[in-house]
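Paired with subunit B in one complex and with subunit C in the other, subunit A is shared by the two complexes that follow.
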Partner chain A sequence: MVLIVVTMVFIVMRLLPGDPVRVMLGPDAPDETIEALRHNLGLDQPILTQFFFYLRELVSGNWGRSLIQGRSVIQEITYRFPLTLELTLLSMGIGTLTGVFVGTIAATNQGKALDHLIRLGSFAGYSMPIFWVGVLFQLVFGLSLGLLPISGAVDYYAEPTRVTGLLILDSLLTLNGKAFLNTVSHMIMPSMVLGIYIMVPVARIMRGEMIKVLDEDYILTARAKGLPERVVMYKHAFRNAVLPVITVAGLHFSGLLGGAVLTETVFSLPGMGRLLASSVMLRDFPMVQGCVLFFALLVGAANTLVDMTYRFVDPRIKY
Partner chain B sequence: MKSWAKYTIVAVIVVSIIGAGFYANQLLSVSTPTQKTLVVGSTDKYTNMDPAVFWAVDSVGATPILEPLYRYALNSSDLEPCLAVSYGIIDAKTYEYVLREGVKFHDGTPFNASCVKWEIDRAKALGKGLSYAFSTILESVEVVDNYRVRFHLATAFSGFPNLLAMPSMGYIPSPSAAAKYGDDFSFKMIGTGPYKLQSWVLDREIIYVRNEEYWGKDYWPVNQQRPDKIVLKIFADSTTLKLALEKGDIDIAFRNIAHEDVPSLETNADVQEMQAQWVGYPMFIAFTLSHPYVNNKYLRKAIAYAIDYDRIVHVALGDFAKRIYSFIDPSWESYEPAWDIYSYNVTRALEYITIARQKAEQAGQWSPNETISISLWCDPSHYGPEIPNVAVIIQDNLKAIGIKAEIRVVDWDTLITMRGKSELQSHIYAWTPLYNDPYYQMFGICHQKGGGASKWKYTNATYDLIVNPTNVERTSELVDLAVKETNSTKRAEYYKEAQRLFADDAQLIIAWTRLEYLYLRKDIKGLVLGPVLTSIGYAWGATYKDGW
Partner chain C sequence: MRIPIPKGPLTLLVGIVIVVSIVFLVAFADFLSPYGSNEFTNEILTPPNVAHPMGTDALGRDILSRIIYGARVSVGIGLAAVAISGTIGVVVGAISAYYGGKLDRAISIPMDSIYSFPSIITALLIAYSLGGGGPNTALAIAIAWIPSYFRVVRSIIFSVKELTFIEAEKAIGAGTIYIITRHILPACLPSIASLLTLGMRDAILAAAGLGFLGIGIPPPTPELGADLSEGRRALLSGAWWPSVFPGLMIFIIVLGFNMLGEGLNELVKLRRTTR
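Now for the complex of A and B:
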């Protein structure tokens, strides 16, 4: 699967109109200068030859260098990815927890006004584009109320010492309270904005599953035994209803990575989403190929992790 | 609840309380820096600080750190000594610069003539950035002694000092740093400038810290209250940039506030507006003369008369532009308003359409009632989101004279690639001077061997339906004469005549230039906006806040 993705990206980038060498040299460079640089970069070779060399280098661990910046692709990805991961994980966490909570409330109030309100609000939130919601959050919480920073992941004067690249984790690992507060305050808004897009499907699934589970005979039995409603709900119903939520959350992981591009743009976060978007615009072939390959590996790993999580949630599942 | 769960919860609570108590001071007091810090916001994309590699906006990011031998004064396009104290013209092809003694790079490496030769040789060898401009003009660099360097030109070029003053041509980084940092050199840039590079996180910020050993600190041009630190914060989105300015997260919004966001800034009592004076983008419609219909000069003249320039400036561009009459900047001696012969005049346009049809029919190009159809290409990603609106107005104008224009919107990379292959029948374009001398634009646009003219197929065709061949030959001849002429008045006359002849063929229809505005917090003082864009990086260092 990864090889297919890599091949497709390699070919598509070279079929796209546009010339990275002209971007590097500017539109007024003489043709001979352009051709000389193209030759130096190996871009005048046939596509198959370029692909062969690329695969050969890839296998030996060399993902190439950015045509525009000159930096190693791996170096740039490992530097930028933690922020995207942090944003995605926070969004998943916030979105999933909120979705589960909201879905459960809706299920236990099925047919009542609260249920309708929750469903309506969820769809409304899901329908609004990320960039619009993001700007709205910036206006309200950032500018009007002045509660949260408008952009960025951390202020330059509060950045924690880099250990993992995950800013909040690094601030905890280095016991830096100032950095912790600063990074958390910066990441709240983008995480909430991106989290909406997992909250809604999770809430829907959770609501549906809870309604289904609450109709099961064993729930009736549990109630008949005189168990407190709290125990019925959270020990019996919830654990069975939440299993599909894990699937949904895992499936949306790749979607969140994609949504991170827009979120990173609105909130000016220097993550991989922005890196990929700008690399495509600049026709930075090695960087685009590297980013897409990385994402492909990541999504594969995430899906595997989701499958393994089932084992812990439902002991009946064995591999 | 199982006992292990209870103990776990208790342990977490206890650790949290201890941790919170231990860091109570830090948790409660999120302090901001006490140094004098100027924060500049920009949506420009900075990717490289190596002068041998960059050619565009990156040079602004490098300006606080790097310096040329002569630089542009803050508020004029006059050259002033910088790393050199004087220069002399040995002969038409030889310039000698006397370097400033006692200057050191930020890493302690002494600056001398060898550094100059090293950098220029390196740039030529790399073959990136604007090295091609050097390669065609500069033959070699000679180290005469430790503080004298001689430039031997391949051809006489009276604008050489201006060429050498531009960042891509003349910035001198530290050779020791290049050797030490290798491929990371661009991101660890070391120069001689008033500020040092403290850190650079791509797509986030560049931080400069004051160079306390700066050679020029005793005669810093404006005042001594300059920032200890400058933070160039990168925004991905102009709306976020504007919000950050309103909130006070940044002091200056350098580029680019969207036009629709300007009214709210103008009513904000905490924000002031400054109009940029730098030489801007002369925008025009260009025709590639190997394509049908546009290879008829009478048709091109008809188009030139059909365009409602005022509507473009006022409606499409919201008055963030002004009409211009040449691609040469009006502040330059060689400026000639040659395109003022083309004003919006539908009657005249229709007359030229009639002539165009007659001539085309005689030449067997078009049939009598054939619909004239052209494609108009434009790129909003580089020139601004308003550009398609400009194209719509042009399309509407051309419809009124019976020309069907199809608008094609592409991204920058596609536009320049297709232009490079002469695939664009007509397109909206700009040609900004990369150094403050008319030669760059005159040669590129008008000369038969120029990059622009060759791609637009402005050749000495004998077929005078395309262009006036006399114009083509004479224009090239004038540019060749001007480049060698050391008398500035005579040189200007050559360029002016070339512009008049070139305008007559209407291969380009010069239309407008953008007006750029900067927005800053009301308490920011001292910012000087000169005619050279890259000087802004130097100007930040002379800016201060009330109360500093």
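Now for the complex of A and C:
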């Protein structure tokens, strides 16, 4: 799958109508400059040669240099990627947990007002543009109530020593309480905003599955055995309903990455998503290419991970 | 106490109401909008008041007018994108599913790969490579979403294909094109309707997102996502209206199509179970 996306990126970026070099330099650039840059980037070679170089460079780790200040593409990406990872993991966690919770409540109150309210809420939640929700959060919690900071991942005076790049983790690892509080307060809103994107489908699936499972015979048996309702719910109903949730969460991971691009832009988080967004705005060809390729690798890795998790959680699946 | 509100019809109804209002708004934008979309006034960044119910932006333009015209732009891009990707996706999906075998595998694998990649980023990449502008954005979104339509149509057709009456048709020697056009496609039609409507939802959200990131229709044409992005600059000075209202409009439009699409889905399910 990664190979296909890699090829697709190549096709899109070099074969589509529209001259990337001209786009980068602007309409007034003199022809020699354009040709020089084209030669520099290797875009004047025949297509197959280009493709060969492209693949070779990718594999060897030379992803080119950014056109802005000549920074190494792969260095920038690997520096910023952990923050995006942190955001994604947090949102995934928050979204899944809240989704499971909300879905269960909806299922156990099926048909009542609470259920309808929750379903209405999930329609609404899925229709809201992420960047709008982000701005709303900034307005309410950041500006009006003054509770949470509205941008950045951490304040410069509270920055933890960089161990992994995941700032919250780093503050824990270095036992830096001040940094921990600071980074958490910065990351709450973005994670919640992005978490909504996961929460809605998870809640919906959870609700459906719980309703189905609660109807099953073994639930009746458990109740007939005299087990307290709580045990019935958690030990039997919940466990079986949760399985498809993992699949759904995994399926939405790629959407989460897309959402991360928007969320990072709204909250000015220095992660990979915002790097992609700003590279696109600045017409930084090598950086855009690098970011997209990295995303491809990420998605490939995530899909494999989900497959493995699924096999782990449900022992009935044998390969 | 259980409140037996039938989910399907209500969702559909609300969806229809919203979408019809939006179509009305878009069609009669010129009459409904109090000001031009690019009419500069001297009142810069004024909060909502009687003259400007949604306030003005940093250049003194009335926000209500801008979002009415902006709705037109967003719906337009959405329609174009859905038309292109719907057509291609359905046709390719139908062919791939009907013939099956190696052709199907050859098409499905790249489709699945693109599908598993974040669509917004794909659209972003394509829009970037094509250069900005409205039509390019619509094309980019269309291409990025083809795999979604492909997948759904393919699975529908796989299930329809196995039905006995198709076998009977083949037995009496009906031609392939005949079977596809006269029997298989009509069987999918209701599902395709909801698919396209939900596709509008995705397309409009994507268009707004791309506009927010700076790709898409260049200023000064009003575009809801771009306006929201512009409006963010005024946030720190306390002006919430330039960013909140464009987003609200996106929300309402998308909600309308969402509910319409889901309502249609429910309708299809109901019809299937009551037959």
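FYI, the second predicted complex is superposed on the first by the 289 of 319 C-alpha atoms of A that agree within 3 Å, B and C clash if a C-alpha of one lies under 4 Å from a C-alpha of the other, contacts with A are read in each partner's own complex, and residues count from 1 in each chain.
The working rule: a residue touches a chain if its C-beta (ideal position, glycine included) is under 8 Å from a C-beta of that chain, and two chains touch if they have at least 3 such contacts.
A quick note: this is a predicted structure, and the numbers were derived from the prediction, not measured.
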Contacts for A:M8 in the overlay, against subunit B (first) and subunit C (second): which applies, first, second, both or neither? second
Now for A:A36: first (subunit B), second (subunit C), both, or neither, which partner does it touch? first
Name the contact category of A:P46: first (subunit B only), second (subunit C only), both, or neither. neither
Let me test your reading of the model: by the given contact rule, A:Q138 touches which partner, first (subunit B), second (subunit C), both or neither? both
Identify the partner contact of A:G226: answer first if only subunit B is touched, second if only subunit C is, both if each is, neither if none is. neither
Is A:G258 touching the first partner subunit B, the second partner subunit C, both, or neither of them? second
Between subunit B (first) and subunit C (second), which does A:F295 come into contact with in this model arrangement: first, second, both, or neither? second
First, second, both or neither for A:P270, with subunit B first and subunit C second: first
Just subunit B (first), just subunit C (second), both, or neither: which does A:P149 touch? first
Once the two structures are fitted together, what part of subunit A is touched by subunit B and by subunit C alike? 17-18, 20, 23, 131, 135, 138-139, 143, 265-266, 281, 283
Where on subunit C is subunit A touching in the complex? 1-5, 7, 11, 109-110, 112-114, 116-121, 124-126, 128-131, 201, 205, 208-209, 212-215, 225, 228-229, 232, 235-236, 238, 240, 243-244, 246-248, 250-251, 254-255, 258-259, 262
Contacting residues of subunit B [partner subunit A, same complex]: 23, 26-27, 29-33, 45, 47-48, 50, 53, 55-56, 127-132, 135-136, 183-184, 186-187, 199, 201-205, 207, 231, 233-237, 239-240, 243-244, 246-247, 249, 381, 410-414, 416-420, 431, 434, 444, 451-452
Within their complex, state which residues of subunit A touch subunit C. 1, 4-5, 8-9, 12-13, 16-18, 20, 23, 110-113, 116, 119, 123-124, 126-132, 135-136, 138-139, 143, 254-259, 261-262, 265-266, 276-277, 280-281, 283, 288, 292, 295-296, 299, 303
Quick one: in the complex, what on subunit A touches subunit B? 17-20, 22-31, 33-34, 36-37, 40, 65, 68-72, 76, 80, 131, 135, 138-139, 142-143, 146, 149-153, 156-158, 175-178, 180-182, 264-268, 270, 274-275, 278, 281-283
